[in-house]
Amino acid sequence: SEPDEGGNSDSDGDGEGTSEEAAEGGELVIANQSDVVSMDPAGSNDTPSSNVQANIFETLVTLDENMELQPGLATEWEAVEDNVWEFKLRDDVTFHDGSEFNAEVVKANIERILDEDVASQRYFLYEMVEDIEVVDDYTVRFTTEYPFAPFPAHIAHNGGGMTSLEVIEADYEAMENGEEPGSYINENPIGTGFFKFDSWNSGSEVRLVKNEDYWGEPAHLDSVVFKVVSEANTRVAELETGDSHIIDPLGPSNMAQVENSEGIHVAPQESVSVSYIGFNVEKEPFDDPNVRQAINMAIDKSQIIDGIYEGVGIPAVGPLAPAVYGYDEDAPGLEYDLEEAKQLLADAGYEDGFSTTLWTNDTQERIDAATNVQAQLQELNIDVEVEVLEWGTYLERTAQGDHDMFVLGWSTVTGDADYGLYPLFHSENIGEPGNRSFLQDEELDEMLEAARREGDEETRLQLYSDIQTELTELAPMLYLHHQEFLLGVNDNVQGLTQSPTGILQLHDVSLNQ
Amino acid sequence: MNNQKVLLKVDDLKQYFPIKGGFFGRTVNHVKAVDDISFEVYEGETLSIVGESGCGKSTTGRAVLRLDEPTDGKVEFDGTNILELNKKEMNKFRKDMQIIFQDPYASINPRHTVRQILTEAMEIQNAVPKHERNDRVKELMETVGLGAHQIDRHPHEFSGGQRQRIGIARALSVDPKLIIADEAVSALDVSIQAQVINLLKKLQREFKLTYLFISHDLGVVRHISDRIIVMYLGKVVEIADKKSLFTNNMHPYTKALLSAIPSTDLEAKKERITLKGDVPSPIDPPEGCRFHTRCPFATDICRTKVPELRNTEGMKDGHRAACHHMEAIRSGEHQPTVNA
Amino acid sequence: MIQFIIRRILQTIPVLIGVSILVFSMMHLVPGDPAQVIAGEGAPQEQIENIRERLGLNDPLPTQYLNYVTSAVQGDLGTSMRSGRDVSAEIGARFWVTVELAIYSTILAVFLGLIAGIISATRKYTAIDTTIMIVALFGLSMPNFWLGLMLIQWFAIGIDLPSWVPFFNNTAWFSPSGWGSFSQIVLPVITLGTGSAAIIARMTRSSMLDVIGSDYIRTARAKGVKEQIVIYRHALKNALIPIVTVVGLQFGGLLGGAVLTESVFAVNGMGKLIIDSIQARDFPVVQGTVLVASLLFILVNLIVDVAYRFLNKRIDLD
Amino acid sequence: MTGAPNPSYDNILEIKNLQTSFFTKDLEVKAVDGVSFNIPKGKVLGVVGESGSGKSITSLSVLRLIEEPGKIKGGEILFKGENLLDKSEAQMRKIRGNEISMIFQEPMTSLNPTFTVGQQISESFRIHEGLGKKEAKKKSIEMLKLVGIPSPEKRINQYPFELSGGMRQRVMIAIALACNPELLIADEPTTALDVTIQAQILDLMKELQEKLDMGILLITHDLGVVAETCDYVAVMYCGKVVEFTDKKTLFTEPKHPYTVGLMQSVPQHDQDVDGDLAVIRGSVPSPADMPQGCRFAPRCPFATDLCRNKLPDLETDEEGNQIRCWIYSDEWDGDPEVNVHEQSKSTS
Amino acid sequence: MSRSNEHIEKPEIAVKQPNPRLKSWKSVFNKLKKNKSAVVGGILIILLIIIALIGPYLTPYDPLYDQDVTNKLATPSSDHWFGTDNFGRDIFSRVIQGTGLTLMIGFFSILLGATAGVFLGIIAGYYGKRIDSIIMRFMDILLAFPSILLALTIVTVLGGSMVNVVIAVAVSSVPIFARIVRGSTLSVKKLEYIDAMRALGASDSRIIFKHILPNITSPIIVQATLSIATAILSAAGLSFLGLGAQPPTPEWGAMLSDGRNYLYNAPHVALFPGLAIVVAVLAFNMLGDGLRDAFDPKTRE
């Protein structure tokens, strides 16, 4: 095939040169770091894919920029029983292929995610679902194994994007013929969203066009191009030259450059993620909570935020970012206090410090954070050796518990505290699934379980508040900071918002010329 | 003479070089550089090969040493067929068979000094004990008439004749039994040439050295040889002891060759037999007698039948020539054709 | 020669088998489980298990290898574990981009390198020789990402110079990313070509110096041949063997190793694909790309070997 | 033949006191040390002499092809009356291969291994006569035929390594003769050739010489060739000309003891000589230890103190022959009746 | 050995000669000494070695742990000659500290790679035929093999030590040297003086190492001196796999690539380590040029 087909030249023309007066129409060009992995909502679990899919596929419920649940394809929802959630659906929605949206479709979509043969990457979202019942054409009920309070938040996740039933059937058919699951949907992503799939040039760009027949108010833009520009500096160049309107993400070190240039600006957005340094609590000396606390108190987090992130982002007190449902701003943290830290370490019998290793993968920010922590821990006579591991290796070996300390991050994509805590700290999730500190604390386990089952909001919030206090005490991690997303945006772009999970909201975006 | 020991015996030696042509370099033809020749060299004698340029003299020399693997044939040295030896065994034999190359400059490593070149030769065959090598190098240098002051020079600092002498010294350095001298003295001025020839003869007397001497200079050949082979276009046309060849030669080509020798005698204007006709090439050698295209005596039989090397009446033992008409030519019955 | 080429083509079979076994075993030797990478953090054990099952990762290794080879022999390189897309399609889209990039850069590098090297050789140890060497070494010591970003800064974003500077006051001539149009091709080609040009220049210089003192160069001069022709025809052809070798190596290297340049200029080539898929432990894609790269290498080296023959008829390859 | 010519512009080449040296690590090798001779228009000058005496370097100096670390230190090289040492490189280029051409001594290394012999011959036609590819090729084939190479149409596409030594030498000759030079420098052009081809080549050279009035500088060891081809002969020893005579004098009454020794060393082809060849005793002095006086003195059977201490000049006798030897000067302090021929023979 | 030769008298002078081998090395050394380029290169290398040895004791700041975020990305000044990096570490101190390590990685990986590559290439070129095919196809595999995967395997099997990064870089440079050497060997082995050595009965190893190798040194020298730069860069490129210098070790290549984020607002972060690499490579190249000349018998001493 020809390498130079595709929309590069288009974007050259439209991206910059159009001088139409109206705020209507036009093509928006977004430069992303990575390519979409898959167009199948069930077949990917990465932000670039979600970012594109969010425009094609819609979920029953949506999260707004304040992480509040809003109606989507469902108009209302409630827990009809402890463990049964009922959703009322819109009846005026059709897919891009003209087929109808109804309860059957919802059932088929979620069941597909749960299908072992499909082995969906979104399985974790709905693993608790036991049964899906089509009550009538526009009513659907989900029965969960156990009462699961954050269920609507999970339904709001992009993984729950609705695909046309015909496409799903075609995909199953293809599977029968030996194709990989998702291979059909990948080529024919048919959703109900305000944009329709137009083309995907793998590794290079995805193009979406306006869905004129959208059930709600149609988008302003005629089309959107997501193109892959993996090098941060080049993305800035794209923005500067006007080849792209939005660059996502913008590196902190490039902020100054964007701010100093005319016609473009930086758009920050608080996130639901945390970066942390985990301890292997099964290994000496980290099996001693005093040591863990001491390290927590020995680190001046502002150094990391200033040194690496140019001051962008907020120091983390606990694992939950402020935007996450369940975050308690009053929960106690471990303040920076070197003296206290030394004391604690002495109590633990390590007044002369010790030697240990700190693992990180090859993300520059993480390496830098590790280096900084290493330097700061010199104060406690802790001799840290930083070791960089390649991603695949890193995941496997931290899952096996070969590490002492490790740098990683977590994003609470559902916006609910359950997803921000349960995978990371519950003993059931030790190792591979997410609990790489190997923390096993029965009390904590119970609290986590109780919190996810609790139907009552008040009680639930209280439970999470307790958990956060408990986590401060246990200190299985050194919480570093809550990242702030940075976008570089052309001044002509109007109405752009970004959700704390990192998804760009393009429905209301228009291009000023 | 003939009851001497045979040191080197060459049987039906053939050397064909492929000619590549066309874009992909397929073999389109062969140069039949040496085409089925046989001869013997007795221990302690000098056998010279003379002949037209390009007739396969050097190729014969190289093939005998297996520098190019011969296409076919047998080469026996001291009773061993060396073509059957493996590399290691062959290398042992090489001490006894040396070659002085025709092109002196190309055949010495430009990065080595004379000292290195000579020492190395001795080192390879372990011909001289280590501590004596230095003296031996000097001795050799003197032997071939190079000054000791030149011992650490590189080849490019020498004149053509001086380089040739380096090559000779190298060949002598390992005390071989057989030396193939490919135009070994032709680049030397006559006074050095005389020195070297005297030396070669002396060595031969003392150590029963054997020479296969390839040369164009028939004066030198006459001086040094015991027997002489005349080659023409990859074939032996005449083989004889020196005396017979110079005085009683049978083959028309030999006659032509001898008549072409330039003479320093300004008075004696002798008849030179000028060869006419197409000079054939070893790529498509003529049928029959290879010399027929230029032979003033050629008849039909010459064009069709390959003459054999043979001895006839009036020829000494061991003198053989390959001509259909040699008796007739000798008796004067057969006269050169006018329009040949 | 034809036999030689045929033989070389036949040799690719064991090479490909060797490569595939090597890649296969190495990919399995290094830690990192594709299922885990695909599932991401926080995925329940069950999900990872499902993925493993689907990808056939639970089969014994020889079975996995055989399965792979069986379908590969039928021309099916499998599907990407990560995206489920067809590996041949994934490679195909990028293949020509990479080849084009490599070809253009090599042409540029050969052009610059030969000229600079010859000038250096003929003006040995003059100021110009030293300058060329230093420039070459800068070109070589400068990582591609750095040069690339500099070029983008200067010639895509453009630098503002005072308006009296003619021609150069707006230097935003080229496009910073993508592949296709002329304005997109220029910068990556320069970026990639520079390093190779430096190597070729230095190699040309030394190789020419080896040849220039030869007797046959003297012969050419004695014929009254112009000095330029002596150098560019008589000397160069003899000096070309090591140069051709490095050109081949550089070209080959570009086919597999242009990752940094590709990502700086957002060129969607094979280099990035290889790295990404190694990191994602996407076995079929890694296998496929390495196989294709090997094939290309063998081809390039075959051409280089044939070129040897053309340059020096004494070299016999058969 | 009336003696050597007087210097005039009748001389196609006139070399005056040429000095060429190589500056090696510890000393200066005076390869050519004040050589003078001339070649009248349309005549053949033979240069013979000790190997290493500077014959090749002299001829390379004429073409100004001396390479580092060699240098032409002084003297004049008048070609058609104009000093070549004053010419620019571009002017030299026009002269090389066109007006003066040279056959090099070492045919293997002097031919470019990467071009076919055809390409190498055609090149001369193309640069100096501006011929097109096809014509040049045709003429190259003619040239090869002229120098007696069989099936030239095939040979033209072969590479030097595929040819025998003699063929390579003939290719060199073909290149040199290609553009009908006015002066041909032939450095041992026939050493690798058998006598029949040699005769053919010499005939060819003579023929061209007569036709084009070409001058030839023929360096050779073969006195037979000298006898058959040359008009004049210069004998060189240790970077100097020791004798310059017309051919006849050389062969009938050589004067310099070195020349005499040389003549006597020639092996005869028309008679059997038993025993060793006559040689000149001793060997060439090293450049580090050049004798003060006559260079040949250490090896000369007649040398006296005068010879050993003072370098004789090159004297011209009434017939125009030149000789560098004290014996023939008034200052001679040895036996006045010395017979160079008899004496030297007895020393062998 | 008594083959004397009364016929030719001994020349009067016989210069006494020292050990020949010593002599030829001496001559190479003499030529080197007279070669400006080689001298400059040699001095630079000695200087770098001195810096590597004693530099770390003289650095004005602690190159590893002396972080000062308040003074990050400071431009060069009298306090910080090369400025500071994003953690406020003194770049000058870091460059000094990194000298030894960087040079060692560059030098030894090329030494190792070149040795193996030259050996394989010369064997392949000299013997030709099947041996050539086997070796060269193997080299093809190595060439086509992604170096990242190779490096990953090395970390897995051998661990991420300094020695192993040298091995990883060396392995990927082996086929390059092999190909270059083979190409030149193919043409040199056809020269007549190689025939002459065969005629003398020289063993293959002697022909290969004493006669072919010295005649193909110049491409090897060029490739080796140039590869030092690429070796430094690719070693840095592997540090993210955990192979080689780990943070905060100031290896020049790694520092250079760390600087990429600040190319716009603090170019000095990348500039100085980059210049250091250039200087080192320049030194090796100048020495290489000198060596080339010194081994060439035709250049004047």
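Chains: A, B, C, D and E, in written order; residue numbering restarts at 1 for each.
One rule holds in what follows: a contact is a pair of C-beta atoms (placed from the backbone, for glycine too) under 8 Å apart; a residue touches a chain by one contact, two chains touch by 3 or more.
Chains and their UniProt names: B = Oligopeptide transport ATP-binding protein OppF; C = Glutathione transport system permease protein GsiC; D = ABC transporter ATP-binding protein; E = Glutathione transport system permease protein GsiD.
Quick caveat, the model's predicted, so the values are computed rather than measured.
Number of steps on the shortest path from chain A to chain B, with steps defined by chain touch: 2.
Note on connectivity: the fewest steps through touching chains from chain A to chain C is 1. Between the chain pairs B-E and B-D, more C-beta pairs are in contact across B-D.
Averaging Cα coordinates per chain places chain A and chain E 47 Å apart. Distance between chain centres (mean CA atoms), chain B to chain D: 27 Å.
In whole angstrom, the spacing between the mean C-alpha positions of chain C and chain D is 56.
In chain E, the residues that reach two or more other chains under the touch definition are 7-8, 11, 13, 15, 27, 152, 155-156, 190, 192, 260, 263-264, 298.
Annotation for chain A: residues touching 2 or more other chains are 233, 390, 393. Multi-chain contact residues of chain B (touching two or more other chains): 103, 105-106, 142, 145, 147-149, 195, 198, 202. The touching residues of chain E, when paired with chain A in their complex, are 64-67, 69-70, 72, 86-88, 152, 155-156, 160, 239-242, 246-248, 258, 260-265. Of all the residues in chain C, the ones that touch chain E in their complex are 7, 11, 14-15, 18-19, 22-23, 26-27, 29-31, 125, 133-134, 137-138, 140-143, 145-146, 149-150, 153, 195, 198-199, 202-203, 205-207, 209-210, 213, 241-242, 244-246, 248-249, 252-253, 256-257, 274-275, 278, 286, 289-290, 293-294, 296-298, 301, 304, 308, 312, 314-315. Contact residues of chain E toward chain B in the complex are 1, 3-5, 7-8, 10-11, 13-15, 17, 20, 23-24, 27, 191-193, 195-204, 206, 210-211, 214-215, 295, 297-298.
Of all residues in chain C, only 30-34, 36-48, 50-51, 53-55, 79, 82-85, 89-90, 92-94, 96-97, 100, 145, 149, 152-153, 156-157, 172, 175-181, 184, 263-266, 268, 272-273, 279-281 touch chain A in the complex they form.
The touching residues of chain B, when paired with chain D in their complex, are 17, 19, 21, 31, 50-55, 57-59, 102-106, 142, 145, 147-150, 153, 157-162, 164-165, 183, 186-195, 197-198, 201-202, 216-224, 242-243, 246, 256-258, 260-266, 272, 274-275, 278-281, 283-284.
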